[in-house]
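Below you'll find the structure I mean.
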């Protein structure tokens, strides 16, 4: 009687249906803030993705912008130009379109670099924390070396090295990679050290010992058992790092490493506007700043919820 | 007026799809100076009642109906501050899972002293003195030395005693003890029970004791309540309930109590099944996946050889080796286990039984001695495939089921993991089928797989961990108190399964337990441990009939009285 | 412990060596120091001579060897911009940076921890939602932006606090402190807040996330059942169990504050190491940069060493008797 | 009375010969003095030399002022002048060009010095207002004769201390942090200033500098970013002094290589064609840049020199802004569809440098030229575009102030031919070369007659204008923020001298 039929085989559900039926999805629907945040984040992504179609102007098309249009206030103010809803920046770029286009750069750079940093950091952190001993020492000392170099220097190094190796690159393509790579390199240590610390605590717990008794190899124990239990802080750091990455990207651009100034990202717009805070052209910094703050708020709310939702005990 | 008055209590755990009613319409009353025992099926809602009284139901649980009164005052609706005044001071609570009840980052001393000082006006040193006395009274050896240690440095039973000490330290009027003695050997258990009885008598304390141990009930309880699936099925004076049970469930429960006086082949099954419930299917080993032939080479000679095994824990570190302090938890222990045999380890709590289990399964590195498994020395294994093969042959059921389960995995995944990893099944459907069978057979029923460990009762968690251990189809099984939290009926079912596996397949076991009756029925040979040493090894019948060592004799005499039960049986 | 420390010290030396090596390969990409050292009109021959004199024409290994040989004697050369020994410059700038870092770390901890604990305990309360959202402003706006807004508000508009500098400084010989004068305290507020905002948010959110888990454990439940006051349950038991990730991050952030407070120091013209480092990068002042990176490496190695020790202090399970 | 002021850059060291840079020299100009000095209107006047004469075309005689004392009390004599020239020529000096290395100093008596030149040089003393005289005794006593210190572990004494003859003494100097001056009571000249003490703080961040001025923490701050001028003016207690500066900002094009380094035009160099250069010129709307980016604080330039420094500037005019003409020129040259070219630009060197480049890029986009803008901090920018970087640029923005206030400086540095190593005019990054310019430039150097000289200069400017050797953009303006009650003289060379300041 090999467990005959009392168990009716679960009816074949489509994956989508299974998802809509899952606890996570329902927890999601229950939390109003989260739904709003998810919606907001989605809008940000859509706007970034659809920028060429929905933006009233193309701020990256140099021929279309005119210095004579610069520093126009938003439409509801005096002396405004109705073509520019939120006004223009110092070059005559439409702020609204600038935000749309800048979002694209910022989102890609921000998400990719945080993702890459998290993957790298988590992996190394798990290995260091779980293995301990010499492996740990080596990884953590590499981390120490890494910490010593701020993103600026890493970016300069990578940029220089890339130029050295590949000659004069097509900046539009490679500046992306250089940015992402540099940011990822300078952020991974946080994840690695946090994960390592928590792993050192977790690995002594009995559920890990149980997994060892089952005979699971170290990588599986790390990924399946320890990782979910140390993800909490990682998510916190990752969601916060997103903002940092977007802002740092602007700094790197200033150093001539990132995107050219003719293609401003969200962070770049803010730093441009920063110069005009006292002079009355507040809209150049405030609107992009607001956009960034909103993005970060949404992503963090989503992250908060996700972290709680992933923890079965908190549901 | 009763000390504790529970009337018509209903507790539910609202889920998304359905609401689980854990306790339904339970009414109990407890007089000062009396002991009320609560027995019943594992998962029946006993712990939930206790948690409800002290206002610490696990989320999302809530009291849906009913009242709880302490000394006539309603306490189920108190605000946070008011209930806090009651906790600890007026109601002492001993949770079921003593191993996770202690803060891992604080010394035992810190936890005791802070509790005492919270409730009693004492200076630090007075509190410390009292703490040491308390530890002594619950039978912790060298309390003054050990009080400064951390919970993880204590054995399971010792931690349980610390928890008891913590619950009693503020001299509460009501003590709720949820399975307070599961991890204790009989002598300590006797000591604790005496202590509790004394409290009731001398200080007029009321006590609610939740237990599976009929011996304990018989020994100390004035009244007994029997719970089944959230309902109170029988309630009355102990002699009455145990002597002349009315409800069919109570009857079958009593009949299933294992006996220590004779050796029987199989444990009696509980045949009471409520009409609506789906029956637990028993597994036919000969055709089931569990019974498939193992692909191991037959061992010649003993399967497991333990030689001069010893383990020293560093309890005080220092730069200078000479200043370091060690605790010798296991001192040159040697024994063999033959293929197909069950070797029992009994002994004082804290005598090193779990440590031996961990040494054998490779979780600790021994300070000295060797362990040979099927002729190979375990520590000498180097290649990963060898280690893997060995691991699969050897499994362990942990003493503390809850912390050995990964709280972030669903139960079905926990059980399926070893099957999948060792590729013991050919398809995912088969894996699912096996997992369902295993869960069903340990009595968790369909649907349990979808839940997470924290949604289960203590006994249910233990069963998950048993199911997981069986899922590797082991050749050798280390059971560290596998059934301590189970009611006799489930216990019987599981122990029978183990026996079947042993008969059909020659499963070899190292069986650690404090339950002398169970040990007697399960084991071929028994080792008795005390202070890290193996003081006696003998065939089980021989040991029970003619114990040699003084400690063994003491143990046997201290078994809780079964007279009452014996009469009925 | 002792052996551990010795081993760490040895590793620290390796780390610093590697840092120096990397730094040297990196400097080629930062710019040309000579251009920053001379006026525009200086002839090419003069520039070449200067380059020669500074040893910049030597092969990289030679330059590196020279640097290492000096560094072991704590001689890091002379700053190109300031024409002063780097060691002297550091000694002068260090107090400013350390005081600022200390105050901002203090600010971050003293505000971040209570808010985090509160938000973790009262998950649904409005106040914790406000904490969570408002603190995000601290991370979603660039530091320079926040700094300038604060200056605009507190210096220009309200005129309560100074917009730049350290205020009056008392020289104690080996240490110059701004914490002994009123103007010094006033001056440190804005930069410390600006600098600490990010760490505060991070710490608060970490603690909240960990608290949410910890307060559901059995030992917290049992601590409640024992009737311990909330303060003890929340701080001694719950908070302590959240600390491992928190001290990791706090340590990293503290290191980062000390080492890279560049932007804040620039905005507030705080005469510390960060400001000097940024200027050194701008002016390709290689001796300062290399010595600075060495010092940073040392700071991080030390901080991480302390953090590792703290793990053991906090969690006894990591400590002893691990067989 | 105390004056507190801030500048964007730092005063790195006090050695007067170590860095030829306006701010350093201007700060030290309060402490040290040269044989000559310049007044508010930049006219040369006697300082430590009471008078001078050209004894013969190659021998200049200077009569030194009597009774002048250094801050430490030492007397100022001819010895000090000779010593200063010697030190000026020493290794590590960045001001060697102030006195040619082939010039000999002869001490006639304690208060008379002769300078003997190899060739006639009408502008010998044009830059001597920033050639400061040091005290021989003091310098030698403090082992500071060498400008770069011999050992690495001790600082050069003169880098941290100053001992001049000027109206102010340095009381304390923390490089990069703060420098405090006090009045020199024993100054030989009558001071117009009522300051007793001056505190200087560098504030790198524009916004902070402006904020500190607005909040009253500073009495004077410069530069004020052009966009903030309005804000500072609106504030009741502050105002901005603006004025023309001498620096000319211009664009240069690589006219030397046969193929541009950063361009999609292969096999030829479009910039070799004067039509392309002129098209670029005419595509740029200087009025727009002036209005929008410079907020009217700039003067579009037709010449590579400030009109203040050349008497006949008025004869020259910019080519008009005319995109259509520019397009026609491009089409003529065979680039009707435009081409792409990389542009190098500093982003922390000149007023709104990056914005100017961006604006230029978008203006050029209108005539089909696609600019790949590479804006970098000056350290990286100069490393790339100057000789040390192999002139790695195709199109760039640069600024130039002739330190001698004379056109020859421009011809010899920017307009003359150069070879690949940079011999010739080293800052002619684009390598423009017209032998006629070199020829005329040689004549100008030797010509002592002012009218004839100006004529020669005008000829050069005509040639370079027609050749479009560079595209002059504008002279950026000065903007100094001052608090109420401060009166000062704003010199067009951007030197801020305390002796012109009063505070009440």
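A, B, C and D label the chains in the order they appear, each numbered from 1.
To be clear about the criterion, a residue touches a chain if its C-beta (ideal position, glycine included) is under 8 Å from a C-beta of that chain, and two chains touch if they have at least 3 such contacts.
The structure presented is a predicted model; accordingly, all values stated were derived computationally and were not measured.
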Farthest chain (mean CA position) relative to chain B: D
With contacts counted as defined, which of the two, A-D or C-D, has more C-beta pairs across the interface? C-D
List the centre-to-centre spacing of chain A and chain D in whole Å, with centres computed as mean CA coordinates. 45
Rounded to the nearest Å, the gap separating the Cα centres of chain C and chain D is 38
Using CA atom averages as chain centres, what separation in Å is found between chain B and chain C? 50
Centre-of-Cα separation between chain B and chain A, whole angstrom: 47
Tell me, which residues of chain A touch at least two other chains? 274, 277-278, 311, 313
Residues of chain C that touch two or more other chains: which are they? 30, 144, 148, 152, 216, 281, 315, 317
Touching pairs - complete list by chain label: A-B, A-C, A-D, B-C, C-D
Touching residues on chain A, where the partner in the complex is chain D: 61-63, 65-68, 70-71, 90-92, 168, 171, 254-256, 260-262, 274-281
Interface with chain B, chain C side, in the complex: residues 1-3, 216-230, 232, 236-237, 240-241, 314-317, 319-321, 323
Interface with chain A, chain B side, in the complex: residues 16, 278, 281, 283-284, 287-289, 358, 361-363, 384, 387-388, 390-392, 394-396, 398, 400, 403-409, 417-418, 421-422, 429, 433-434, 436-437, 440, 446, 452, 454, 465, 468, 472
For the complex, which residues does chain C have touching chain A? 7, 11-12, 14-15, 18-19, 22-23, 25-26, 28-30, 129, 132-133, 136-137, 139-145, 148-149, 152, 198, 201-202, 205-206, 209-210, 212-213, 216, 244-245, 247-249, 251-252, 255-256, 259-260, 262-263, 281, 293, 296-297, 300-301, 304, 307, 311, 315, 317-318, 322
Of chain B, residues touching chain C in the complex: 54, 56, 58-59, 80, 84-89, 93, 95, 97, 100-107, 114-115, 118-119, 150, 152-153, 163, 166-167, 170, 311, 313-317, 319, 327, 364-367, 402
